[in-house]
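Take a look at the structure set out below.
Per-chain residue numbering starts at 1, and chain names A, B and C are given in the order in which the chains are listed.
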Amino acid sequence: MLKYILLIIILLPKDILSQNILIKNGTVLTVTNGVKENTDILIINGKIAKIDKNLTAPEGTRIVDANNQYVMPGIIDAHSHIALDVINEATSPVTAEVNAGDVLDPLDVAIYRALAGGVTISHAMHGSANAIGGQCETIKHRFGTTNPDELRMQGAPRTIKFALGENPIRTHGEGSKISPNTRMGVEQIFRNAFSQAQLYMKEWDDYKKGITKTSPVYSLRNETVADILKGDIIIHCHSYRADEILMLLRVLKDFGINKICFQHVNEGFKVAPELAAFGASASVFADWWAYKFEVYYSTAYNAAILTRNGVVTSINSDSEELIRHLYHEAAKTQRYGSLTDDEALALITINPAKQLGIDNRVGSIEVGKDGDIAIFSQHPLSIYTIPQMTIVDGIVKFDIKNDEADMRIDINPNETYSSFYENQRHHESQGCMHGLEELLMEDSYAKFMRYKYSKNHSH
Amino acid sequence: MNTKRFIFILSCLVYCFAGILTIKAQNSDTPKPLSNTHYIKNCFLVKQPGVILSGQNIIVKDGFISDIGPNLKIPYDAQILLADSMYVYAGFIDAYSNTGITKPEQKDRPRIADPGNPPNDIAGITPQFLSNENYNPNDKSVTDMRTAGFGLSQVAPRGMMLPGQSSIFLLGEGNTDEMVLKSGSAQNFQFETSRGVYPSTLIGIMAKFRDLYQNAKIAGQHEEKFLKNPSGLARPDYNKELKSLYPVTTKKQPLYIVAQKTKDVHKALLLKEEFGFDLVLTEVKQGWHYIDKIKQQNIPVLLSLDLPGEEKKSLEKEGKDGEKKDSIKTEVKEIKKEKLDPEKKDYDAKKAAVVKEYLAQAANFEKYGINFGFSFLNSKPSDIKKTIKKLIENGLSENGALAALTTNPAKILGLSHLLGTVEKGKIANLTITDKSYFDEKSVIKFVFVDGKKYDYSEKPRKQKDGKTGHKMIGLWSYEVEIPGAIQKGKINIKKDGSDFKISVKDDTSSNEDVATDINVDGSKLTFSIMATLSTPVKVDFSLDFEDKIYTGNVNVASFGTFPIKGSYDGDPKLNF
Amino acid sequence: MHFLKIYILSFCTLLLFNINAQQVKKAESGTFLLKNGNLHTVTSGTFIGDLLIKDGVIADIGKSISVSEAKIIDCSGKQIYPGLIDGGCRLGLVEIDAISLTNDFNELGDFVPHMKALTAVNPNAVAIPVTRVNGITTVFAKPDGGTFPGTGALIHLFGYNPDQMSAGSERVVMRFPSTGKRGRWDRRSEDDIKKDAEKAIKKINDIWDTANNYMKMDSAAKSENITLSTNNPQMLALLPIVSGKEPIFIEVNSKKDIESAIEWIIEKKYKAVFTGVAEGWRVADKLAKNGIPVITGPILSVPGRDNDSYDASYTNPSIMMKAGVKVAIRTDNAENVRNLPFNAGFAAAYGMGTEEALKAVTINTAEIFGVGDKIGSLDKGKIANLFICDGDPFETKTKIEYLFIKGWKIPLESRHTLLYDEFLDRTPGLK
């Protein structure tokens, strides 16, 4: 254990421990403890040390004047694919062993653009091609480093991506002609994987106890699924339809698993009482719908209905575009469902923190929590607000007064000038089914044409 | 006999014969060597980086350096090489490349019923494979490396994730087995995936590697246990992949990881941290972010000589556009415009700084005292000297460069006792230049490999191809890479009088599309076809021929442009 | 007895429920007097006053209007705005994006300017009510895909057939050959991209040369009272442009392409509107100098280049506007055209200001489509497309309270509100 802690300290980027900052006279939206006018926040060594009026700071502390500005906790995106080099290992319906944490991309400019929207933490997820996809990584937006490890939020619980419905069916049943080809098939993938992992655990137990002498075959896949069964990994499940959500709840109950956050969950509103009773949480789009059949019967009031039914709900981006204005996405719940300011802000702060198991460290402005702060020119739920400054671990990572246009860290030395990308509609650009073109278009141009013209949405 | 088949076989024979002729031609024109003894007289001897001795003589006998000194008796059977004012270096060492490995035939991949569970060879997992099996000592790439001063290569097989094991070859002519210095010298790993089957991505590769590594360890330990005392144990399964990986887990064999960009280097180091194998980083282009870690852990590094280019293109264009005045005009206009654009200026400045980082990497590694050599996965042998000069201009010392070509790779390969310096008793791999190798105008005059002399003092004249387009005539295979699939077929190029006639046929269809808009410019060929899909679609081909292969692009109406490549398949066919 | 009571009660509830289910809310017509609202006319300032809707048009607007027979809506403390107009989207042409059989914006062929969007707009698309309840009354539904994907139509978001929906403006769309990359999978070299674009420009030039010849033939034939006997609907579709009657809508985005398109249009002398114009900010002066109006958007989009500032898309409309370009805003979306006010809101926040941003989704758009005299502002005689809300129409939390399209009072109901009503407090709940 001591060794582990030491390791963590060694791994911490050096500047974290040295950063102090005092934010003066802001309107502080604590999220968990109301609004405090003209209040200061003192961050020492990257942690919130004091919240009060007229604070003084040790010498050398950077002072930020937030007079007439709004100070809120750093925004947390519970579903994103930025800062990743690979999204899907789409070759098998179960790929629990793969890990998005292996392909973190600290060079991705999207991290800076997210910071410029007040987002300090995102959940870098595997895609939704497989019923059991890969493990995900909760990252802090410590933009500026070239070392992937420095993005990791050390100590954040492990998470894994599951997926229901059209995406795994399309990928495997339609694409590769292997099960699942229906929502019935998807259920059995889970049941089989969990049962397999139970057997696997027993095999190793027997070996370790000396009951059997020959070492079983090692399987990183079964190891990972076993960890889910043990409760060491939080499931984040891509889902849309009410029936499939209920299906997974039944499966999880049968295997004694209780850590589950449903992602997208466009029809979550239909089964909000069931979700609340199970203790499942929901991470939804503010208003995306109709890009494919399973989201045709959606409502932008989803987050409001879920919230009102007692489900811990967040609003996510799943997109390098939306992640830049999650504060605006959260505000949509005021148009669609009249949520209060605190309720709306919770959707992008403390609630996603709960879903990622990091609410004891981030998600609100409280003494002892990480110094992750976003400062806005006006109330963050207003359309007219402009993010002014974003702070991660007490370090200013975005400052509108000191903002260069070209923020690339890694520059292609062989490119004569930057490429312009024709506007890719945001659904397509980067999302759950990213990297899946390969499986969807196998043999011919004809199929390829259909794909191009069908403008397939990815989520 | 089927006529087509006959023609095909005939053409194959012609090619084989032609090949033999060229190889033999060099030898049968000159008399047989009289002995295996050479006397290199009165040279500047660069014993090792930083140690140059003048007026030295070297006796090479039976493949070894048998003596060195200012006053040596000339053996009776010696052939004398008058090396006045010449420089003699230890033969250069290429510690990682695909030299001598002919490109494998593109085989049609069988349809994989379950892409999540492909056979190991299709998944790119062939650690049992030895590069010896595909090594051809008479391949052009071997000659090219030798001409560039190299006497030794550690050759990795081509392939995907775990392509197989390297062997170390002396770069002489002869048969493969004779040239092997060490077989199975290293295991190789690269972040290359087989499309569409597991592992198809980087995350898949990382997971699969971990899985294989653990199981290799388990299987190896089990087998050892079983051999000692089989009682109560299951008989070990024979698994060639795991068996081949076991020596890596016991540090009996190093693992070379191709890590070109910064994130690749990170992943390689991550795996080393997890498993503790002996790592050699190879083909490193952008490794400076991890220089501290590399130094601390004393990890050997092979730096890529494939460096970012500098305005190569504009030079080419000038030459080509000489005839076409119009295009020159527009070019000039554009350059002017771009020069005025402050954004472009900033962009260029930033890029220049980055290019500088790439070029200065070797110098920085030298300053840090990291043991590094070079690898040659993506570089042209004839450009090596030019590239090394560039590294020297960016801070690398000449001694550092020489060390990276000789002593360092010898050490990395564990062959310092045999190679890397010019010393008595070492293998007679020598590179002899007319001036210091690092002099801009220096020319490699002789290369000794394994005691055998190769004379490059007279440069063979470059054979210019006759008429443009001449070498394009024939039947060519093609492969178009569209996302997720590879389309294959044949292109038939004929000449009818002065006109080209081209037809294209996809392997899956019986239709033959006749090309229009045919245009030949030097080695470049462009033409178009109307492909019959659900509607007719115009497909534009743009091919660049080099020898018996070509590469290029296919543009399919508005759907995109896809890479195409192919190779010579034989004489043009009358009909497909 | 008690039992019976419950029985009767539940019977009644059931009955009520059935009645409710059968009661479809329909649009109401008639004369409406909006009293004491804060009237944002867009063209003649903002003032508190009354507005009379009669026979589908704004019959009167003023400080105080009195009429004998009108349904009166008290708008005290409320804001009244002209209906918002989306300058380019696929609303009505797509039902479900991923299901290609429900996509009607992309006909096969690269040169199909005669494909008419108005034909394919589904008046009952589920997304139409979802869109209009956010105050969007009119959109330009446009084909998309190849170089000449077809002719788009400006439509009102209420009506049951093309005649009822048409807002009287149809425009031919052309995609200017792009030197940008089509996506991350586009692996063409810079040279190849350039060559492809040059080839494509040659192709469109050939098409327009043919169109010019066609016009000459057509007028020559007319002067001799002959009907031109070629069956050439494509050329017929281009006739209004070569004859200078209507502008060509040119989709163009990168800086280099915009510059080429400007040169091209100067040479051709056609009227033109540029659409997309993602990098308009890089060449705003040139656009202004040549008087080319622009329909830009989505504003909520990722900048086109990795080395662009994070807010390049947000500030684009304001930079063009300030340089003197007439700017309209679009979503270029299908199911979420409802986000038009938020696209305008971001433009407003990032330099454009609310007033100008409002023009960019009302009067500017109307004028660009040649219907500035019919829609786009609260002026007497204009079509009664307007909405009443409780605040700034761009502000996210603002709620729309009344909506009028062509004088019809439209129920503020959509699939999204209906599902909300049904599921907020689901019965039965868990048991």
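The working rule: a residue touches a chain if its C-beta (ideal position, glycine included) is under 8 Å from a C-beta of that chain, and two chains touch if they have at least 3 such contacts.
Just so we're clear, the structure is a prediction, and the values are computed from it rather than from any experiment.
S.K.: Taking CA centroids for every chain, report which one is farthest away from chain C.
M.R.: Relative to chain C, the chain with the farthest C-alpha centre is B.
S.K.: From the Cα centroids, identify the chain that ends up most central relative to all protein Cα atoms.
M.R.: A
S.K.: Sort out for me whether B-C or A-C is joined by the greater number of C-beta contact pairs.
M.R.: A-C
S.K.: Provide the C-alpha centroid distance between chain A and chain B, rounded to the nearest whole angstrom.
M.R.: Inter-chain centre distance comes to 42 Å.
S.K.: Whole-Å distance, chain A centre to chain C centre, using C-alpha means?
M.R.: For chain A versus chain C, the centre distance works out to 33 Å.
S.K.: Could you state the distance in Å from the CA-based centre of chain B to that of chain C?
M.R.: Taking the average C-alpha coordinate of chain B and of chain C, the gap between them is 56 Å.
S.K.: Mind pulling the residue numbers of chain B that touch at least two other chains?
M.R.: Residues 347, 483 of chain B touch two or more partner chains.
S.K.: Considering chain A alone, which of its residues make contact with at least two other chains?
M.R.: Residues 406, 408, 416-418, 437 of chain A each touch two or more of the other chains.
S.K.: In chain C, what residues contact two or more other chains?
M.R.: Residues 145, 182-183, 185, 307 of chain C each touch two or more of the other chains.
S.K.: Where on chain B is chain C touching in the complex?
M.R.: 343, 347, 483, 535, 540, 542, 553, 555, 557-558, 560-563
S.K.: List the residues on chain C that touch chain A in their complex, please.
M.R.: So the residues of chain C in touch with chain A come to 95-100, 103, 106, 126-127, 145, 178-185, 190, 253-256, 276, 278-279, 298, 300-312, 332-336, 338-339, 342, 345-346, 348-350, 392, 394-399, 415-417, 419-420, 423-426, 429-430.
S.K.: Could you list, by residue number, the parts of chain A that touch chain C in their complex?
M.R.: Listed in rising order, the residues are 109-110, 112-113, 116-117, 166, 269-270, 272-274, 277, 287-293, 296-301, 304-305, 308, 320-321, 324-325, 328, 331-332, 334-337, 381-386, 403-408, 416-427, 429, 437, 450, 453-457.
S.K.: Tell me, which parts of chain C touch chain B in their complex?
M.R.: 108-110, 145-147, 182-183, 185-189, 192, 196, 199, 282, 307
S.K.: Could you pull out which chain B residues touch chain A in their complex?
M.R.: 113-117, 195-204, 206-207, 210-211, 214-215, 218, 221-222, 232-234, 262-263, 266-267, 270, 289, 308-309, 313, 338, 344, 346-347, 350-351, 354-355, 358, 482-485, 487, 508, 531, 533-534, 537, 556, 559
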